[in-house]
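One chain, subunit A, links the two complexes that follow: it is found with subunit B in the first and with subunit C in the second.
The block that comes next holds the complex of A and B.
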């Protein structure tokens, strides 16, 4: 094909994206080497001081990072299990198939922060329906103010919000599977459980990996749910990395330090997601 | 065995359905409550537990001067930003995706797959990393707190999605149709516009739906990059939350904001059932 034209197709998109992104990324790196804060807003040069502070003197950043890992891995595992179960259930003929498919997709279409505002009233400790119904059993968990339970509240909200996305990807995958292996299994008289373990699941492995990685990427950005639901509290018990960087950078205006954190965070994200992708590919495809 | 399986299946579906629907039902009933029925204990059923009224819905259309919640302007702002950014992302993303699907690129060690990966990998970027430079950058060119600034930022969020879906879609559109068009005397642009695009409408619709979803539900950038001049819907509604908790108008506005995207759920389901989404995942 003609070689000149291909650039006309590719370049507008590529250059717009690079054009918008290149400045911020270079700027983050440069900013991270400066002591920009509200008293001293300017791009001075203080070397690696911010990074030294980050690695030696800021346990709160690392705590928030481990909390983020815990939250995102837990939610993604739950989303995968539930999403797969739901997709498998509405894959074949059941009554009102399309109704359930649409219904299961709906939470994904709703704005997370707005639904979180609703969830906040839902889990309200004295005026919310959850504790009202639970009072029958004489328990009243502090959904938003107990350091441990608040984490699970975040997980519940995240699972509600994003299981539909997992469901969508997995159902699309199931619908695209070839029919022959299932016919063969049916002829061999395989039970539903065996059919799932030996036919459906292996065929779905590549799609599962893709879906899990996509969801991990999105889950690692959890921030607005936390902001609205608990504001990182009580204390710092639901604070995630993004939220901590947000507080340092755009609330306390320690721009330089926040930039060094966000750059470190970006590098950690890229490395860990690459490793997770490699490991998952190995585990799911070899077995 | 089989009966148990079917029972468990329907049991699980019912439980999940209740879980999905519960917050919506709660919001719907709360939107008809008044101060007494919110703060005087938990109430569920209208006319039985509490006397419903339309106050929560009325404040949505009142002017702010009369104590109303002005969500009409944020609503249109949100729609404008989402649609414009989606449209630009789709146009640019589709062109790039077409190039990546049909031609081979090579610059040193960079090949087609690497370019595609570059586009898609922008989703990995945590929004917070971009927010600080964007904040300083937009304020230096006076685009902070403006629709244009937001649209620029949203293009970065949405174009990866458009490229991701369209590359896979174009890979499924047979190459022969563009080759036939070229032999028939079209130039590459005509072949693209007149032959390839009309055959890609399902892909374009799916990509468009995804762009609209991810544009409409964004809160973070709107929250950081706008203040008073321009307000988007999510920011406006979250701001309601921090005041005295008027749960009724909060619930009503939440439902109003969520409503348009329910239509998107129907469209996505339709294309899903037709099998048009399957290629995008692999």
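The block that comes next holds the complex of A and C.
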């Protein structure tokens, strides 16, 4: 039997890889070098024109990128803190542990777009229940119409929706921790706070890094929440990169230009997430 | 014998006279949607469609989400199935995605949908992928009834690509029970020194809206507000901005382009006329309901239709919603032309002309076409013809959420609204007269219909929303839009945009 026959077994996987990953990326790169739009469909070749426009004449893309960075970092930090607290709570032997574990997962199991519509109804400034309740205290925040508050409204919805994912990963991590270090700490008389700082947290570091990176990747694609809640407004105050690319690509039908933005965005994300992962590893694992 | 003969003649005559009504009864029993009128004879009536046999054929339709246009599409699809034996598959798509959902397969040379719904201003981008409406439909009495404006909106240089199913324009809606109330008029006069009347100008509109903002003026125990407007940053707010701009920037003495100067293709969008309109609009953020700057069309319909505001302006839907039987303000609203202005910008002399100006905005509306590559074009056109037949059209007009508005000359008969919808005659008259006057006006603005129209309107939405959010001043915002428009013209090609724009300008200058 020819030893090279083993490569045949790799073909099915290779085909799938080429079909769903390699080809789309190559196509996006080719598309980004074309002027494909609504009135000029087709893969003509315009060189780096789209990239030049992006880097020299489109501040809106970069503004949306920095806005996205703020939103994704803030939401992921909050999700991590809240998710860890909840996971820590149900990790212990408390009453109704199973009930809480399921309850905390409910937001993640709902459809994001539908939940965002419901949140939008909650935050509706004249008809929604949130301001109706807050009016008792004489306040009526402009949840969706103030450029600053609208960002925090997006953060609230994102945190509510995706904290359960963080909770799930961290709870799985907590349940897999060895018991010995905790027994040793108990024998030494360590307080719960010291136990958390010196035992639980360091042991959870590898899982935390994984969870944070996974959520950062997901959060950097914030789109449906913005689309339904604010359409990127007021003005452009909640417009994120993915929403902006969506507008250019599928609303204005500037396919070539949207592809150049997508590809640039992909490169930036790969670089920045690699750096973040390295930094987190260095800080949390002290490598 | 003579008596028998007379009776027989009377019987035959009455059968002949009332035969259409007999059909009407028959069809309205099966299809309660048309119970008000029964079937109305015509080329695509229920009776005629029942004679067609499309068994074994499938019609695929992409339409808007329910209810606006999506609900009548699905309803008439179901009726069409029952009458013809066809199978009709209806896909519902959000408004913002209608363009791309058809455009992606169009450009790829496919036709996953036989019938595609969209907006009338897509026509320039879509026309090369759509089949022209066949002559037999063009010559039908029902098509002859379509107004000149809407024939123009559905056609490109004399060829009709979009089957007329809806007619749209922006006009003013107001609370008649307040504006015409002598006590309120007295109070307003005492407090402000001005007359309370249907606003003639946007400045009057603002004064009244501010006065009636944030207090319970109808005594229902809840606060009411000045105005409900489409201000949410998406692809509809640009139309609201143009509605406010026409009074200041559409000068009947300077033909040759409202959006651009047709000769040079220099954008007019940042001239003082448009800037004045945007300044007014920024001011309007002070008299809309809480959260009003995030109102989309649905919110605007709900707000005015639900009795929350004194004024509103946009498509018919809010007015129809207010006049439905279940509305708390049925027969308490009025329709009037869009407010005008006491001055209008002359872009030739670069100066303001201090005289009253008003211009109707025949805004883009729902449009529908048949894909050129469809294999069931006959069935597709029959469906569209059936959609807008007399009985369906009159029934659809009465339901605000359907988004079907008058586009036939016969729609301007007030008796339709008085008899079958229970409208107050005075309101029905003012409504039909308002619409009719817009048809007759010589100073109309039509929607921008040029290649890559979405790029232009998207730039307007972004710029104006920045001004509404306080990120930029009106002049800065519109300068940014003008710069973007120049860039788009340059990318698309000046000649391509100019040639397409010339068709719209001809309509605006009453030369088509």
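One rule holds in what follows: the second predicted complex is superposed on the first by the 272 of 287 C-alpha atoms of A that agree within 3 Å, B and C clash if a C-alpha of one lies under 4 Å from a C-alpha of the other, contacts with A are read in each partner's own complex, and residues count from 1 in each chain.
To be clear about the criterion, contacts are C-beta pairs under 8 Å (C-beta built on N, C-alpha and C of every residue); 3 or more make two chains touch, one makes a residue touch a chain.
Please read all numbers here as calculations on a predicted model, not as lab measurements.
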| item | value |
| --- | --- |
| Which of subunit B and subunit C A:266 touches, first, second, both or neither | first |
| Which superposed partner A:23 touches (first subunit B, second subunit C, both, neither) | first |
| A:171 touches, of subunit B and subunit C: first, second, both or neither? | first |
| Contacts of A:102 with subunit B and subunit C, given as first, second, both or neither | first |
| Touched partner set for A:217, first subunit B, second subunit C, both or neither | first |
| Contacts of A:111 with subunit B and subunit C, given as first, second, both or neither | first |
| Which superposed partner A:250 touches (first subunit B, second subunit C, both, neither) | both |
| First (subunit B), second (subunit C), both or neither touched by A:233 | second |
| Partner chain in contact with A:34 - subunit B first, subunit C second, else both or neither | neither |
| Subunit A: partner with more touched residues, subunit B or subunit C | B |
| Residues of subunit A that lie at the interface with subunit B and also at the interface with subunit C | 127-128, 250 |
| Complex contact set, residues of subunit B against subunit A | 1-2, 5, 9-10, 12-13, 16-17, 19-23, 26-27, 30, 38-39, 41-42, 44, 92-93, 95-96, 98-100, 102-103, 105, 115, 119, 122-137, 152-153, 155-156, 159, 163, 182, 187-189, 192, 213, 216-217, 219-220, 223-224, 233-234, 237-238, 240-241, 245, 247, 250-251, 254, 257-258, 261-262, 264-266, 268-269, 272-273, 275, 277-282 |
| Complex contact set, residues of subunit C against subunit A | 96-97, 99-100, 103, 107, 125, 225, 232-235, 289-294, 303, 308, 451-452, 454-455, 458, 462, 465-466, 468-472, 487, 491-492, 496 |
| For the subunit A and subunit C complex, residues of the former touching the latter | 35, 37-41, 57, 60, 124-128, 131, 140, 142-145, 147, 230-237, 247, 250-254 |
| Contact footprint of subunit B on subunit A as seen in their complex | 1-3, 5-10, 12-14, 16-17, 20-21, 23-25, 27-28, 31, 82, 85-86, 89-90, 94, 98, 100-115, 117-122, 127-129, 132, 160, 168-169, 171-173, 175-176, 191-192, 206-207, 210-211, 217-218, 220-221, 223-224, 228, 241-242, 245-246, 249-250, 255, 258-259, 262-263, 265-266, 269-270, 273 |
